[in-house]
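One structure, pasted below without further comment.
Going by the order they are written in, the chains are A, B, C and D; count residues from 1 in each one.
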Amino acid sequence: MNKKTFPKGIHPPDKKELSKDFKTEFFPAPSTIVIPLHQHIGAPAEPLVNKKDRVLKGQKIGEAKGFISAPIHASVSGTVKSIEPHLTPSGKKIMSVIITNDGEDEIHPDIKPLKDDISSYSPEEVRTAVRDAGIVGLGGAAFPTSVKLSPPKEFPVDTVILNGAECEPYLTTDYRLMLEKTDELIIGAEILKETVGASKIYIGIEDNKEDLISLYAEKLKGRADFEVAPLKTKYPQGGEKMLVKAILGREVPTGGLPFHVGVLVQNVGTTYAVYETLKTGMPLIERGLTITGEGIKTPKNLSVRIGTMFKDIVEFSGGYAGNPGKLIMGGPMMGISQYTDNVPVIKATSGILVLPDEEIPHKKEYPCISCNSCVDHCPMNLVPTRIVKLAQNKLFEESKKWGLLDCIECGTCSYVCPANIPLVHWIRYGKNELMKLRKKSEK
Amino acid sequence: MKSRIYMVFVLTFVAVISSGLLAYFAVYTQPYIEKNKKKEIDKAIMEVIPGVKQSEPIVNESKFKIFKGLDEKGEIIGYAVYTIGTGFQDMITVMFGIDKDLKTLFSLKVLDQKETPGLGAKITDDTEFLRFWKNRNIEEGIRLAKHLKEMKELKINEVNAISGATISSRAVVKIINDALQKVKKEVK
Amino acid sequence: MASKENSYFSDFIKGLWKENPVLVQFLGMCPTLAVTNAVVNAIAMSAAVIFVLVASAIIISLIRKFIPAQVRIASFIVVIATFVTMADRYLAAFYPELSKALGPFIPLIVVNCIILGRMEAFASKNNVGRSILDALGMSFGFAIGLLLMSTFREILGNGTWLGYEVLGNWWDKWMVMILPPGAFLTLGTIVGVSKFLQTKFKKA
Amino acid sequence: MEKQYASDFKISSSPHLRGKESVPKIMYWVVGILMLPVASSIYFFGMNAVRILLISVIVSLLTEYIFLVSRKKDISLLFDGSAIITGILLALTLPPGLKSSYVVIGAFVSIALGKQVFGGLGYNMFNPALVGRAFLQASFPVAMTTWIPPVIQKMVDAKTFATPLGGFKFSHILTPYKNLLIGNTGGSLGETSAILLIVGGIILLIKKYIDWKIPTGILLTVFVLEGGLYLINPEKYANPLFHILAGGLLLGAFFMATDMVTSPITPKGTWIYAVGIGVLVVLIRVFGGLPEGVMYSILIMNAFVPLLNRYTRPKILGEGGKK
């Protein structure tokens, strides 16, 4: 097998065995649902409902504002209890629609597929449907998918990459999806290909999921437009730029997106969401996620309504085990740690990870000894230690010249740093400060 | 315009005064400085040729000089050679005395050097280095001894190196040997 | 500065410590680093600087009213150079050994920033009396710096002070102290200590 | 009724996993591997080696302690292992017969001037051990170039004893390869046994505690340049193999030049640094006045490290691509 990969990167313990073999379960919606109106990259949505309104499942409750934005839909039927700021996994309080679930799951009458035959959609119809359904990248970035599907004319897209790498340790939701919804994913990928006018689809799968590689190779035997691309298990293999480099050998230009080199990279979860929307007309109100970690009694792969509180899911999974130390939305490398489990699942929630206190690194921080580990492992070929030192000394423009803004915050440098310096943290600080400076100078 | 003329005038005035002052001072100190220089060379000649009473230059270049050394009756005793050559870090200036038949080197004096203090700089210091240079046979040039030896074990044309400063020692040997070649040409 | 006395006094005293050219203003570093490997060199250098600085200060403050601003630096240099050349010739004539040891550093007094600096900053703006005091203060400050440096360097590097043996045979000479790096090490240490003392002094 | 929620989880910036390496772990591995040359030094130079090593390490730790206390730093930094490494490395570069008082001065200067005045571990520009050694070399040139023979080699005239490089440079004597490999020659405590240094270096390379580019660059450069000279005039210049095995080159290439703090962080910079050291070593050994120049070569290139880092930024993934 010709395994592809990108230069550098790391091999953290993958821990997927905790939840890998549990079939995706449907998690019934709890009595209260909290739906934040800003779950994606771009402008927040405007609320369309008022307190005490009755809403139905699939009903649009937030209107997208601007091109890079996404509408928000109700994931259950019930009554709007209130519209107020609520803490979300991003760490901020965001205006949210809180719905009391009536448990009837009454579907909004407008919800029906645009066309009966899924293969008869035109590209423009696909874009509109995806946009109206509020679909965003489910891998974690939450970038509006309709924008991704509308590359500028001067950059023709010739290749679609279906991202099934799932390089984050612990998480298995994409793995389960690929195993359970094989045909749907293949159809979804074909639609994406037609929409952007590409001619080839690669399915990138890391080689720690051998079963998937052979499954898809078998299914797609004889299809010239499909190719399964086995990838070396390496973090961050699932990063868009890494994936494009590994599979096609193309380098996404700095500050650019995959379409600049004629590629559309789409997460398998997103692809499935697109399929579902076109098939049933139901907007994005439900997503797959993995609840796992040594701090949870029974790790599971779940299909969960957007807006479900973490605490409900934890309870459904048997509650906490041992001495839970950290609650993380997403994977251990890029996930956001949560102070409390009183936060809702949002579109970007690919997993809920509970690490027991013992698993949390308590290492002492030392001064940088220029050991080069971060340089030797950075998948973007940056010099993190220098970027950080410049940022620490408030030389943000100089830091930018060394690639401050090119950092994808994958966490590789912090992982390998023997001095235990929170490099990614400093880089985020640098980016933030640089943005502040920019805004100031624009004024 | 007026201010410019005034400017030039003042500057000229200051310059004229100062050059006058300097001219006077230069004339006043010149003989002393000449005397110092001559004294230094004379003193060195006295040291490197035993029994010399007066001297007169044969060759007088800036980097190479030969002086005839005479006794009180005006008879020639030997020659004093003043030469400059490359050392470890900078130039080394030496003076050495040889007999009139160009067979024996009486002794050596280092006039100026900038070798490493504590190592190469020992070439100036009598007790460390220069005692090896007393009465060496120079018919075939001077050689450095392979290993450190006592004074009496040294061959008649050998000198010891300073331990730890082989390079400076070597440089002096080379300077002397080069100078001897020249001397043999000049003094038939 | 309450009274005139006080102001004259401070003209003199500031160069010794508060505005010491070597330790505080970092002026005249070239001779400071180069000739402080022996105390005798430091003394000769200091003497030459005292002579040049005071003599130039007198002349400059006397003629300060006649010199137009555009050519003042040129005039200062001419005056200073005259005195420097005199000092150089004098040493060569009567102290040939010292003259040899100090090498080019006596002529280099011409470009020593202390002298030009004092001319520009003080002598060209004040009367003869105050200029002399200022020049004396500054040049003694310079001498103090050089003496401190050379004392450390000669004792540590050669075991002697002004040629007299002070440390005996047991002392292993630290050659590096009389070599150029020793100058930097000593200067760094002395400046560090004096800064430390100054901050302590201010607090107290 | 609202369900009670759990809170008080720890929050921190991602990533939430960390690798296994840590600064003390790296340092103590290096200390462990340094036991190889330490063992050879004790075998060949006996009690002298023990004396110098002990004094050097103890004074290094003491100096570090004094600075940590006076700078009000965390005292636990004393045991990060770096001061011990400096102490051992300094001792390994000293001549076996050196007086104890010199060792004390050297160790103090290493830590004080070489490391702490810059701000402690991670901030120093020059390899601390080499700073100490350079200071001693400049201060006590005679003592630092007086070599005594290994205790097991009974010499008839043991008053002075040349190192292999010195012997070649000044008397044109080639020390046999067997002696160079095993270490039965004159020289600094830790530089004589080529074979143990190579073994130690290889372990460090396998553990990835040193950058392979540095020893490779240095040794290849020396080998190629010396080989060229040897081919031009085998009478005058020594076999390149001799140059690699003799003197402090192996110790320098594996243990000194590879010091993480004082070597470049960019790959291109590292290559320039390594080749620069190799070129300087050959220049000093062949054309310079001294028989050995590894120490000065490394110190000189150390000085260029900030410049190299600044001007050798690696190409960012996708840089130069069209948007």
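FYI, a residue touches a chain if its C-beta (ideal position, glycine included) is under 8 Å from a C-beta of that chain, and two chains touch if they have at least 3 such contacts.
Computed from a predicted structure; not experimentally measured.
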#### Entry: Label of the chain whose CA centroid is most distant from the centroid of subunit A
B
## Note on the structure
Judged by C-alpha centres, the chain sitting nearest the middle of the protein is D
### Query
Taking each chain's centre as the mean position of its Cα atoms, how many Å separate subunit B from subunit D?
44
### Query
Could you state the distance in Å from the CA-based centre of subunit A to that of subunit D?
47
### Query
Between subunit A and subunit B, what's the gap in Å when you average each chain's C-alpha atoms?
85
## Note on the structure
Separation of the C-alpha centres, subunit B versus subunit C, in whole Å, is 33
### Message
Residues touching two or more other chains, restricted to subunit C: which are they?
### Response
173, 175, 179
## Note on the structure
Check: subunit D positions touching at least 2 other chains come out as 141
#### Entry: Junction residues of subunit B - those touching two or more other chains
116, 118-119
### Summary
Each pair of chains that touches is included here, namely A-D, B-C, B-D, C-D
### Task
Could you please specify the touching residues of subunit C with respect to subunit B in the complex?
63, 66-68, 70-71, 74-75, 78-79, 81-82, 85-86, 89-90, 92-94, 96, 100, 157, 173, 175, 178-179
### Query
Inside the complex, what are the residues of subunit B that reach subunit C?
3, 6-7, 10-11, 14-15, 18, 21-22, 25-26, 29, 32-33, 36, 40, 112, 116-119
### subunit A-facing residues of subunit D, complex
2-3, 5-19, 21-23, 25-26, 76-77, 80, 82, 120-123, 211, 260-263, 265-267, 270, 309, 313-323
### Query
Once bound in the complex, which stretches of subunit B touch subunit D?
88, 116, 118-119, 146-148, 163-164, 166-167
### Query
Tell me, which parts of subunit D touch subunit B in their complex?
141-142, 145-146, 157, 159-160, 170-171, 289
